[in-house]
Every structure is written in structure tokens, then in C-alpha cells.
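First the structure, then my questions, so here it is.
Each chain carries a letter (A, B and C) given by its place in the written order, and its residues are counted from 1.
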Amino acid sequence: MRCYVGIDLGSTTTKAVILGDDGGILGRGITNSRSNYDLAAKVAREEAFITARFGLLRQEVEAAAGTELLERLLKAFRMSQTLAQLERTHELIAAEVEHTVAERLRKSTLAVVEDMIRVIADEEVIWFEDPDPPARSDFFRDTAGSAYMRLAEERGDPAGVSFDLLVGLYDKCIIKVENEPLELGFSDHIDAALARIGDPLVVREAVEKAAGTEFDEVSCVGTGYGRARLPFPKEQIRSEILCHGLGAHAMFPDTRTVLDIGGQDTKAIQVDGHGIVTSFQMNDRCAAGCGRYLGYIADEMNIGLHELGPLAQKSTRTVKINSTCTVFAGAELRERLSLGEKRENILAGLHRAIILRAMSLLARSGGIDDEFTFTGGVARNPAAVKALRDLTEENYGDRTLNISADSIYTGALGGALFARREAQGS
Amino acid sequence: MATDSADSVVQKDRSMVLQKNMIAEHFKRLERAPESGEPVVYTFVPGNLTELIRSFDALPLLPEINALQSGMRGKSKDYIAEAERAGHSEDVCTYVKCDIGMLKSGNIGPTGTKLPKPDLLLLSYTGCYTFMKWFELLREEYDCPTVFLQIPYQGDGELEPEHRKYIVDQIEADLIPAMEKISGKKYDEDKLKHHLGLAAEAEDDLVAVLHSAKNRPSPIDSYFGGVYYVGPIFSAFRGTEEGVEYYRELRKEVEARVAAGLGPVTPDGSLDEQDYRLVVEGPPNWTSFREFWRMFSEEKAVVVASTYTKVGGTYDLGFRHDPSDPLGTMADYCGGCYTNLNMPSRIDMLVNYIKDYSADGFVINSVKSCNSFSAGQLMMLREVEKRTGVPGAFIESDLVDPRYFSAANIKNRLESYLQMIDARRQRTAS
Amino acid sequence: MSNRKIIIEWALGVYEDLHFTAARETLSQNPNLKAVGFLPVYAPREVIVASSMLPVGIYGGGDQIEIIRGDAYYQSYICHLPRSVIELAQSDRLDFLSAVLFPSTCDVIRNLSGMWQVMYPDLYVRYLDLPHVRDPEVGGKFWERELRTLIDKLGEVSGHRASDDDLRAAIHLYNEVRWVIRELYRARSAEPWRLPTEELYLLLRAGEVVAPELFLDKARAYLEAIHEDSPPMKDRSRVIVVGTFCEQPPLGLIKTIERAGCWIVDDDLLIGNRMLTRDVQTQGDPVANLAEAFILHSEKTSVLYEPDPDGKKTLMAQRVRAAKADGIIFAAPSFCDPALLDRPMLRSGAEEAGIPCIAFKYAENTGQFQQFREQAGTFSDSIKLWGGS
């Protein structure tokens, strides 16, 4: 099967999208960018191929056994991956204990760790088997990490092993786990997944058929912040500006203006009716007003990044914030708090302030035309979206604002479209 | 206005060797000035009155050139730090801080020779507020007279007759008497006329060189190469025999490249295949000059016209020094330097360059140091795009502060921009 | 309410009104009157008034305006003032102006004049190149010619070309204005608790946008009122605030400095309103008189060349002595070339004279004052402990 790959190497996450000959999306993958760009690109790509295979599988299994069985298989597959990573974490921690922990503590430490890993594995199984599981991060580092911290707090001291030691071990080893090319491939985990759901014959046959299909990768285009580090020849690299424009056009064909707010930068892009960029502006070297700014604020308030937006939405008024400088953000926040201002009202002001920065970039690039598409990590923040909606309305009047649930893949999708466009010579 | 030096020779043409020798000789003379008795006049590139200075047998020294050379030689970071330690704000122009840091670190010039103290600070106030403070600051370090020469800004797009008169009045009332005093010589109008005639001769050849970029391929890069070409005429050699010879030679070489269908010599060799013809507004970054240039040349982008190479005079717009009206022509010269042009005139200049040189695009390099250049460039971007239909790129750096040169950021923008031009071309073609 | 309070309430209302209602009302009451905006630092208001026009100082949007369009025109390393000026213009708050003057304060304001020419082609825009050369025959004559050109041009815009008598009347009026401002400054220096700077500043800010006659009435009334109900005397350090001539600090910063224990007894705030240090002659050629007054008797400021090589060194000690101050606060707007490039020279002169100094930067929309409170408070305490100069 002929296919085309786009990889978007962002500062925080790396995304991959696979397109078929007809331009339809076959698969998508995402992973932490870590410090190893090659590996991140490899993992994201592999994951995209896995979802592509599951895509093929879906048709077969749905016809033969219905969606429910397919969903169970998919979940079982992910669980198998997760358990393998957990096992690897355990191995590394054990080795670390042997090397670094004083002998008198070794035995008790190993016992606590083993106990904790077992509990986490059990909890993972429960989560995966839950038909309606609670929402959580997509990344192993976060899910395993939060369970590990909780357990370390509960079980460390009673067993005479300090919390700090346990956390130190985890922090050291999780980096290695993330930086090792763990075998996440389709064939390695599919058997385990099949076994876990009882190995029904109809599913096995469908699996074998899908597994047998060869993906013929015709071409690949890389993009994103770290694109120059991708192991690709120069001709296969496109600027993320162009990819975002084309990707947004593919998602919403009437798009004329695109705003992307990522971790490190903000981009305002104008595209024509074919998704070709006609003008763009990026924030200057100062990262004021980017996603990173919200990260600082979340740290300062000691809450999770994803909690910021919902908290800001509870505001009763919007406090005027003048500085979107990451350096001053903390000071301004503390001063407002000390004056008795409510957290949610300050947060509403902070969200408005970062969107104001984006508005000036949009104005520089040529304004906001209809339709208007918002992408990037900050597009998932409801308070930022509300501020953008308000300011767009105030300054440009009625505009259709598009936000895709898959907006994080916009750049990778654009890359894959470039790959396909070039290969097909259109 | 790069005027160095063995480590960054980009072309081994005869003109390059000439330039190198001229400059080395000049700095040697400067070093000997305290003994030889030749008076030294510190002044600025925009509005420099080299012919007048030379007519009194005095030597010009240009602190901006020293600052940019310090940037190219990797010294500016320490010099700036030195000045900031002494109380200078991180917000202000880095040329000034670099110059003051150099002074505080022994005042060794770009060719390794010691720089002499000034006998006169000639504050030619031409389109840059910082110039005024720069020499007020230097005045605190040196016990010498300062002449303030106010060049009225072309706020209405031209040097008004009253403004011209004001400049001439100042030259007569303040500058000439000061020059007579420090040199011990009487003002000699014939000698001044002689230098002005030589200036005009070199200016003719420089303009021919600049216009050569209308060819395809362009035989020169009018920005990265351009700063070398304008070096002699912007610094100490306008109105001199050496200057005339340099430009005659340069013109010959460029004409030979046109005949041979060759492009300019870049850090990576001859750029004969040119995919993008660009116009550039704003000064270059000096601390990563070659890296910056390479970002263009690697993409096969050549600069066909730039505004920065006009800060020492807008000869390509028609101005020539005119020996028949020596003081008036110097007033006209000062008034017309690029730094002294108003925003509408700067926009017109870019629009005309894009048309006259058949450019595919234009790049604004906005430097943090220089409000004279930078304040309003985003409006220029918008206006030039509107009037030409050609998209522009906006990148940001600094003159000589390496902290403000982010290679990844600039490369990203430039690449995105050139790819955008490509995508638009393909759209138009299909 | 006391007279003092009534006047300050009025001034606060004018200060906070970014739609310039007071100026608009003056225009609607006088159909032949037109308005001329001018940016900091100095514009010859006499010429504007004599041309049947209302001078309106444009000092930015302070901390009350949300910048949406203004930031689109400026990089992060340029001061805040031009952003809010563009914001005011782009939101139609300056649409009552028939002309705008941009004095040669710095390159940012200079270039803003060209941006105005491009963005508002129907408006009369003039860049005012102030004379730096103090020779009356050279710099004086140049400025005189500039003033005559301005008189012609404003005459074309207003339909009334100022006659010599118009100019003399305007000079007389502004001699009165400057007298009352000097009187206010003198009274504040003598008894600063009676004239806190937050009040004085509001009054003078209002004076920048209302008719000069109205300002004169208010200012005279205020001078009388300060003795009626003055706040109790407080023992505070006496400071001068230097560097605030263009982009204005937020009112909160002025309050913060005083409440942290410093009386401001001299400052650069709105310095254009008292740029000419002496009365301008009303006899003879009024244009020549205005030019001569500027050349020979203008305040020393960072926006003008200092011909005296010792001028920068000695200026701070002179001002401190004249104001009987104990110390200097160098308060510069971020990215302000004139204030920041001047500071090392002024400060070293002050320190050589043994004058205590502190320095900080602000923007017109600075929203947090904690660090200023701490610095100014510590400064005041240390002056009290160790004594001033």
C-alpha cells in the first residue's frame, strides 16, 4: 500500500501522520520530543504505522466481530506496550539500586520498588479494562510517574526507605526508559494483546491479514522546530509555517488565517484558497506570550497546566495584566494575589494578555480573515479560546473559528500532504 | 562597511588587496599621529565630511567602523560587558557600548594598532540620536573640542533650502574655524574642491558597481558583499587618490564578472546559480556576519540592493559631490544620507529597488540597537508589501551584541520565507 | 468637598479620559477652532494658539489602555509610548486632531512622524527639528525660520495665519502659564506635604489637553487652595526624579515613590510645559523672541545637545542644590535612548558630588510597584540615617 509520511518535530512533542494514495489519513503518532530528536521521530513514526495497521484492521474486525472487540484489542495492545515499559523501568531501577544504594538499604529498597511496580501494573490493567476510564495524560512518563510518587509517599517511610531516594531513582531511570528505543512495534505486542482478549479466531485472521499488508512509503517530509536535526535530506524538509498552512487548509478548506500557539513560539499565518502561505509572522526572540508562559504560571500557582484554563473560566472579572514577560509574570502574579485579587480573575487576565500578543502578530501578518483556524497546544485551553473568540469579535467582527480536536497534528499533516503532492507531481 | 582583514577575505581580487593595504596604512598613520602631528578627527559615517578633513591634512577616524570591526573580531561581547559594568543600560545601542568598552580596554583598533586620541570630535548629527550622546560620552574621556553639526532631518522628504543654509552656516561659523585651529592651517577652498572632485569620480564607479546587480546573475551581493564595497568610501577614503583607484579597479572586476556571467564570491565560493533575488533593509549583524551571509548563499539567495549600503550617502539616487559649490554640496550630501531620510522616502526607496532590480522579495533585518533604523520597520514591511505585492520577511538581531543573534530563529524565518516564495511561484506556474 | 479636592477630581477626570472629551468640548463650543496634537517633549504652543488652534499634548495611553493594534507596529525592544499613541489613533480617539507635531525627542518619535504621514495622509504632520546649536546667529536663525514655516503651515490648516499681535498675545498667555507652573514647583519645593506630586502631576497633565486659559484658572485656584486644607507635615527625604520627560510613569509609580517616604521636590515630568525658563519678550518681533528664548533660556534636557563639556557633570548637583534635595531617583522608561544614554554621565557627576542616587526603569503601563516601593523606601531610610548631601 502506497503511503506518505509527515513528521513534525516540535519543541515539546513529535507528531507523525501517514496518508494514503487518496490523501486520506491512515495513521497518526505522537511522543515526547525528549532530547533525542532521531528517536522521537522514530517512535512517532512507528506509532503512526501501528495506528495505520489498526486502521486496516478496523474494517476487517468490524465486519467480522464488531467495534467492541476492536476497541478491546487496541486497548490490550496499548496495555501490553505500557507493561513492557513498566517492566523495563523496574529493571533499570533495580540495577541502579545495586550500583548506588548503600548495602544495608538495598534489600528493603528493592522490595519496596518491586511492590510498587506490581501495584502500578495492577492499576494499569484495571485502567485499561475499565470501559469508561478516568482521563489522564497520553504519556507513560506522566501516568507511571504520578502513580509512583503516590505509592512512594505511602510506602517508603513505613518500610524505612526515604521518599527522596525513591523519587531520585525514578527520575534517573525514566529518562533512560524514554531514551531507549523500546520495541513498540506492531508484531511484538499484537500477540500479547490477542491473547489478552481470548484470541478469537476471526480477530486473529484479520490481524494476520493486516499484518501482512506492506506499507510502501513513497516519500516523507519533516518539519517543525527541530527539523534541521531530522535525519532527512534537505529536499525532504519543509518549514513548519508552510506545513501548518497546508495542514490547516486540509482540515478546514475555507481557512484563510491560521494561529498556532505552541510551547516556544507563536505563528500567525495567512493562506490562499489552495493552502499556500501568502504571509506569516512569528514572535520575536522573546518567548513572552507562548505556551511556555502558561507553564510558568502553572508552576507559580502550583497547579497542572491543564487546570489553568478551566480555573480561569470561573472568573467573575478580568484583571488587567500588562506584562506577558515570563520573567515578570511570577512577580506580577504574586503582587496581585497579595492585593487580595482572586486567582481565577488573575488567570482570566493572563489568558487575555497572551492572546493580545497573538493579536498583534495576527495584525502584523495581515489580520484575521474568514475562516480562522487555531492550532497548537494552547488551542486546547478553553480560557485561551474564549479570549481569542472575544478579541476576534471585538476587532474583526464575525469570524468562523475552527479548532480541531486533532489540531496537534496540523504540522505533520501538512508535511505528509507536501510529501504526497511532490510524489504525485501535482 | 566591513573593511578588514586577512581572516575574512572573501575575494582575492586585486581590489580586495588594495582595500586591505589602504586600511592597514591608514591605521598605521593614525597610530603615528601623535608623533607626526597629523590632527585626528573622530566623526561618524553618515554625514562624514572627509574631504574637508583631508583638506586640512587631518585624519578621520570612525568609531562605528571600529565597533563593527570589534564585532567581527569577536571582541564586542567583552567590550559591551565592560560598558554595562560601568553603568550603561542593556537597552541602548551596542555600538556605543562596544566603543566605550574598547576605550576602557586600551583602545586597540581593528588592525591591532593603538588608536590615537582625537584632536577634534566632529559630531555630525545625521539621522541618529545616539550619535549625540556617543560624543557627549567620549567628550568626558578626552580633553578636546567638540563641534556639533546639526543636519536637519528630511521630515518632509527633502532637504529644505532653510535646512541647507543652516548646515552651511554651521560649517562656516563653527567647523572651519575649529579645523583651522587644530591643524594650524587656513581653510583652502581649492584644496577642498580637489578632494570633492576625486570623491565624485569614485562615486561614479561605485554607482556602476551597485547598478551591476540588475544583471542576471547578479555579479555582486549588494548587502554582504556591499558592505565591503562601500568600506573605503564610507570611511576614510572618499575624496582621495587611493579611493579613486580602488573603485576604478572594483568596477573593472565587476564588469568582467558580468561579461563572464558570474555571480558574486561568497564564503562558499561563487554564487552563479541564483534562485532568489532579494532586497534587504537594515544593518547586518556583525558578530555572526559570515554565518548570516551563508544562510542566504546556501539557499542560493543573492541580495541585489540594500538600504544599509546607503547610510554613508545615496549616490545611486543621483547625488554626486559637486566641487563648484563646496559647502553647499557637503550640506546636500549630509542631508541625503539614508539615516536622514523620512519613512515615506525609505519606503519609496525599497519599492523602487524591488522594481528596478526585479527582486523576488525583501528582507528586513531589524536590529535591537538602532531605533533610527528599526522604529517603524513593521509599518514599512506592510506598506512595501501593499505597494509591490511582493511579500517581505522580518528577522531580528543586533549589530554587535552576540546575545541577540539567534541563528536557529533567523534561519527558521528565512527558510520559511524562501519556501513561501517557492510555493507561490509554483502556484502561479501551475 | 474642599476646593483642592474639587480641582484634583477634575484633573483626574481629564487625565483618565482617553477620549479627550475636554478638548472635544472646547472644539465644539468654538466652531472655528481646530486642534493640534503634539508629542513630548517640546512644541511651541504659542504658535499653535496664535493660529487659532488648541494644543493637545499626546502622552500615550498610560496603564489604562489595552494595546491591540499598537504592538503590531513595534518590536519588543522599543519603548511603550508609540504603541499606545498608535492605539489611541487607530481606535479613533485622536480623530479630532487637524495636525500633529512630532518634536525631535528621539528617533522613535521622529520615525513616528513618518508613520503618521503614511497612515494619515489627510492630516498635517510636521517633524520639529529643535535647534541644538546655541549660537543665536546660527541655531537661533534656523529655529526662527522653522517657526515661520510652522506659522505658515498651521495657518493653512486653521484658515487663520497668526499675526504678530496674535503671537504676542499667545506669548503673554504662556508667560502666565509658565509663571504659574514655576510657582507651583516653587511651592512644592518649599512645602512638599502641601503639594504632593500625585496632585501636582494630575493638574499639569490636565493642563496639557485643555485650553490654556482654563488651566490657568484651575492652577491659580489650586495655588490658593493648598493652604486651606493641607495634609499634615511629614518628615520625608527630599528627592528629584530624573528621566521622566517623555513616556510618563503611571500615577501609581509617583504615588509609590512618595508613600515610600520620598518627597519629590523637582522632576522632569512633562518638562515641555516649562521648557523656556524665562518670560518671552512681548515687545518686538515675536517669532525672533520665541526663537531667542529657546536658544538662550531653555531647560537642560537629555533631548538637546549640551554644549558645555562640564554641563552633564555639574547639572545634577545644580538641580539638587536648587531644590534643596537629598538625593536623586533616576527613573527612565525602558528602552528610552535619551534618558538611558544620559544616565551614566549624570549619575557619575552626581556621585562625584556625593549625592545619593538610585536608578530604575519603568513603562507607562507598569502594573507592579513592589520593587519601586522597596527601592524608594530603602533609599529614603538610608538618606535619613546617613544624611543627604
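Basically, a contact is a pair of C-beta atoms (placed from the backbone, for glycine too) under 8 Å apart; a residue touches a chain by one contact, two chains touch by 3 or more.
Since we're looking at a predicted model, the values are computed, not measured.
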**Request:** Report the pair of chains linked by the most C-beta pairs in contact.
**Result:** B-C
**Asked** Taking every chain's C-alpha mean, which one sits closest to the mean of all protein C-alpha atoms?
**Response** B
**Request:** With chain centres taken as the means of their Cα atoms, state the distance from chain A to chain C in Å.
**Result:** 53
**Message:** As a quick test, compute the distance in whole Å between the mean CA positions of chain A and chain B.
**Reply:** 48
**Prompt:** Taking each chain's centre as the mean position of its Cα atoms, how many Å separate chain B from chain C?
**Reply:** 36
**Prompt:** In chain B, which residues are in touch with two or more of the other chains?
**Reply:** 378, 396
**Asked** What are the residues of chain A that contact at least two other chains?
**Response** 284, 364
**Asked** chain C: which residues touch two or more other chains?
**Response** 72, 75
**Message:** Which stretch or stretches of chain C touch chain B in the complex?
**Reply:** 72-75, 77-78, 82, 102, 104, 106-108, 110-115, 117-119, 126-127, 129, 131-133, 135, 137-139, 141-142, 145-146, 149, 302, 305-307, 309, 312-313, 332, 334-338, 340-345, 347-348, 361
**Item:** Residues on chain A engaged by chain B in the complex (per definition of touch)
**Value:** 225, 228, 238-242, 272, 274, 276-282, 284-285, 364
**Asked** Any idea which chain B residues touch chain A in the complex?
**Response** 378, 381-382, 385, 391, 394, 396, 404, 406, 408-409, 411-413, 415-416, 419-420, 423-424, 427
**Item:** In the complex with chain C, residue positions of chain A that touch it
**Value:** 284, 286, 288, 320-323, 328, 331-332, 335, 356-357, 359-361, 363-364, 391, 395
**Complete:** Per the touch rule above, chain B residues touching chain C in the complex are 86-89, 91-93, 96, 123, 125, 128-130, 132-134, 136-137, 139-140, 146, 148, 150, 152-153, 155-156, 160, 162-163, 165-166, 169-170, 173-174, 342-344, 346-347, 366, 368, 371-372, 374-379, 383, 396
